[in-house]
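Just so it is clear, A, B, C and D label the chains in written order, and each chain counts residues from 1 on its own.
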Amino acid sequence: MLDKNGIATRIAQEVRDGWYVNLGIGIPTLVANHITEGMEVEFQSENGILGMGPFPLEGSEDADLINAGKQTITAMPGAVYFDSATSFAMIRGRHVQLTVLGAMEVSANGDIANWKIPGKMVKGMGGAMDLVASADNIVVAMMHTNRAGESKLLPTCSLPLTGVGCVKRVVTNLAVVDIKDGAFHLIERAPGVSVQEIIDATAGTLIVPSDVPEMTM
Amino acid sequence: MLDKNGIATRIAQEVRDGWYVNLGIGIPTLVANHITEGMEVEFQSENGILGMGPFPLEGSEDADLINAGKQTITAMPGAVYFDSATSFAMIRGRHVQLTVLGAMEVSANGDIANWKIPGKMVKGMGGAMDLVASADNIVVAMMHTNRAGESKLLPTCSLPLTGVGCVKRVVTNLAVVDIKDGAFHLIERAPGVSVQEIIDATAGTLIVPSDVPEMTM
Amino acid sequence: MSISKLVSGVEDACSGIQDGMTLMLGGFGLCGIPENCIDQLVKLGVKDVTCISNNAGVDGFGLGKLLSGHQIRKMISSYVGENDEFERQMLSGELEVDLIPQGSLAERCRAGGAGIPAFYTPAGYGTEVAEGKEVRDFEGKPHILETALTADFAFVKAWKGDAAGNLIFKATARNFNPMMAMAGKITVAEVEELVPLGELNPNEIHTPGIFVQRIFQGKSFEKRIEQRTVRTRKTNS
Amino acid sequence: MSISKLVSGVEDACSGIQDGMTLMLGGFGLCGIPENCIDQLVKLGVKDVTCISNNAGVDGFGLGKLLSGHQIRKMISSYVGENDEFERQMLSGELEVDLIPQGSLAERCRAGGAGIPAFYTPAGYGTEVAEGKEVRDFEGKPHILETALTADFAFVKAWKGDAAGNLIFKATARNFNPMMAMAGKITVAEVEELVPLGELNPNEIHTPGIFVQRIFQGKSFEKRIEQRTVRTRKTNS
């Protein structure tokens, strides 16, 4: 079973040379720490920076330089700042090759819900609806089950949707699962996790091949 | 009867303090030379400058600094450069208070034609269609008649239109004419021009008040 | 001769604001928000305003100040997750809230300033956001029609500005400020540094002065940091 | 680590261009046009291309070079008044021409790059431009629906650029270049000065490198002036 950094490590393997990548808040943010050394990758943060660097050294943080999670950051050489309309022009115009974001629920036809629990929690969608409606590659990073132990991979989402039919791949603490033809497809097991555990934790239809390799981390 | 500079001088009287003004090619360009000293006015050229200044001194012209007529220009203190999308955001978004442009024909309901003579001349509309569709104040600067001596103020335009129902005022070598309620209204005579001369040179319905003042230049 | 937008201070800059107006406020989180104007709105005590702002501040800072005084009738935002009082007012029904995708919010403000009354976007298709909106396929993909946003007043915060209203923003404090500047009937810019006319390089200006009606030198910017994340100098990793 | 867009020169930059493709070319008149790439298009002898460019150059320079070689099948422009050969080919029917309002051209390119498939504009309503297009009223005013433009290749010319593809334009040579950079499937940037990574101030970049696929140091820019207008030093008026 993977911890949050493990999920981020596995997702980092999805990143290809020359890609612009948008990382959501939470586990996705950690992906930046696990990119292969020397790979040409730039991180876009939708509040207005391309070429995001690591957190600043203590004492050199700048209130005017933050990421979409409102964290103080730095800029890499070759970075650029821009306004929100230009930022979403990049996203909507499919100039960003990979989006990694968290979810509360994912359905077997690729729907995703992550912005609202009616009557309880309403944080808003932020840029998530633009991201999932636009990106060609959308990878969801999340725990396989919620705090109550219920599966987050469902036949259909019960919460208000963020986007429809958009999620291609889900990486959880238990598995890598692809979505196609209205079903979940088990691709890899997390180290030490059995196929049965994954089947038990998945509420939506899960196609399981005869051989399910363990992730190589 | 006015010459081109005379027309420009009269149009300069239309300009108000604090206005952004777009001047078309030809006679309109001359308007800039006749603005009252000390008046706060900025000229927008749709190719990407606000705060256009006079022509450069000989030898200091810059190929990268031109106006929409492709003439070398200078920038005033407080000037700003921008791209074409932003330029037309200013125009379409009604941030420019006055547009002055030339015309081949103007009709009594405010239509304007100035971009095409089918089968003969096709220069294109440039920014004129955006300008006339957007501006609140559109003043046309032109000669009252064409080279063949035919009126350019018509019941309806015969040439392909640039815009419909948009021209509010026409300043010609003979007169200032306003357009409202589907008719031309004679407002002022050019110095030394009789009302009858204007009536004779106007093909569209012209409403003539009992007293028609001469322009004060 | 350039058109002067200079006013004496925040009082002049905010004159004419009335109850029930629609206001745009630049900023992302607490980054690049018009602190001086927000304080003035509190001081003026304007009520029942509709605020268009990507976020709603935090408890006690930014738009949180207007929320705690119940000055806001309706919020149009994309993300409001940092503000407990906001969530309370929304869930209790005291506050009307229109949540819209961040990219659509930015584009709708730009459209409002650019004379584009409406445009199609894929964002929000198949979700609550699409309810009541026209759906149209382009190249086989469904899009929804979104309309322009404008405001009676837009408040933006810039790094540098001049009397002509030209603005330069700093780093990610730019965010929504340029589009909101475009979309305000009266756009008020507060700047950290007001520079003499001609000092800004015309090639480096982000917001041309034509979009700004009033500009003033702001005071005592707090520039609060929402999430102070750092590397310690020791580990340097 | 930033993504390098650097190629060795104009040959590499233009590799993959095929007959019949749609090409965008930045510039207004002869100001800010991609001179190196235009010469390479002539050299490659690509045929039957559709060119999207605000203007069509002059006889013998800019896009006039492609016109004289009959390489262009169709032009999409807003103003073509400076080119006799263009007018001849158009009136004789050798050249297909789609003339569209300048603001709509700029916005359609931006839309193409920004994932906005269509938008409404008042420009062109009631004219030939509106023929076959949807008309819709917004606030009582008729608008027409315009769709996005994209291109197989977009050629832009910048003043400064770096290996990450970030671009800064100079003065009014910016014009259509930023929008066309956004709208090209492959965007090629030729720059007057290629600077080391990190030398461009991230706050001053006009076109973020994400919109540029190939960048190279251009050579022998002629930068021809179309209308040389000056004041004489003597009169100084």
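Definition applied: contacts are C-beta pairs under 8 Å (C-beta built on N, C-alpha and C of every residue); 3 or more make two chains touch, one makes a residue touch a chain.
Given the structure is predicted, the values throughout are model-derived calculations rather than measurements.
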{"item": "Pair joined by the larger number of C-beta contacts - A-D, B-D", "value": "B-D"}
{"item": "Distance between the centres, which are taken as Cα means, of chain B and chain A, whole angstrom", "value": "55"}
{"item": "Computed distance of Cα centres, chain D from chain A, in Å", "value": "36"}
{"item": "Separation of mean Cα positions, chain D and chain C [Å, integer]", "value": "32"}
{"item": "Centre distance in Å when chain B and chain D are each reduced to the mean of their C-alpha atoms", "value": "28"}
{"item": "Two or more partner chains touched - positions in chain C", "value": "107, 110, 114-116, 121-122, 169-171, 202-203"}
{"item": "Multi-partner residues of chain A (each touching 2 or more other chains)", "value": "49, 75, 81-82, 85, 88, 91-92, 134"}
{"item": "Pairwise chain contacts under the document criterion", "value": "A-C, A-D, B-C, B-D, C-D"}
{"item": "Touch list for chain A against partner chain C, complex", "value": "45-49, 54-59, 61-73, 75, 81-85, 87-88, 91-92, 111, 115-116, 119-130, 133-134, 160-165"}
{"item": "Parts of chain C lying in touch with chain B, wherever the complex brings them together", "value": "1-4, 110, 112-116, 162-164, 166, 182, 197-198, 200, 202-203, 205, 208-211"}
{"item": "Footprint of chain A on chain C - complex, ascending", "value": "28-32, 54, 77-82, 87, 90-91, 97, 99-107, 109-110, 121-129, 159, 169-179, 206, 223-233, 236"}
{"item": "Chain C residues within the chain D interface of the complex", "value": "107, 111, 114-122, 136, 138-139, 143, 147, 168-171, 202-204"}
{"item": "Parts of chain B lying in touch with chain C, wherever the complex brings them together", "value": "18-20, 38-42, 44, 49-51, 75-82, 85-86, 88-96, 134"}
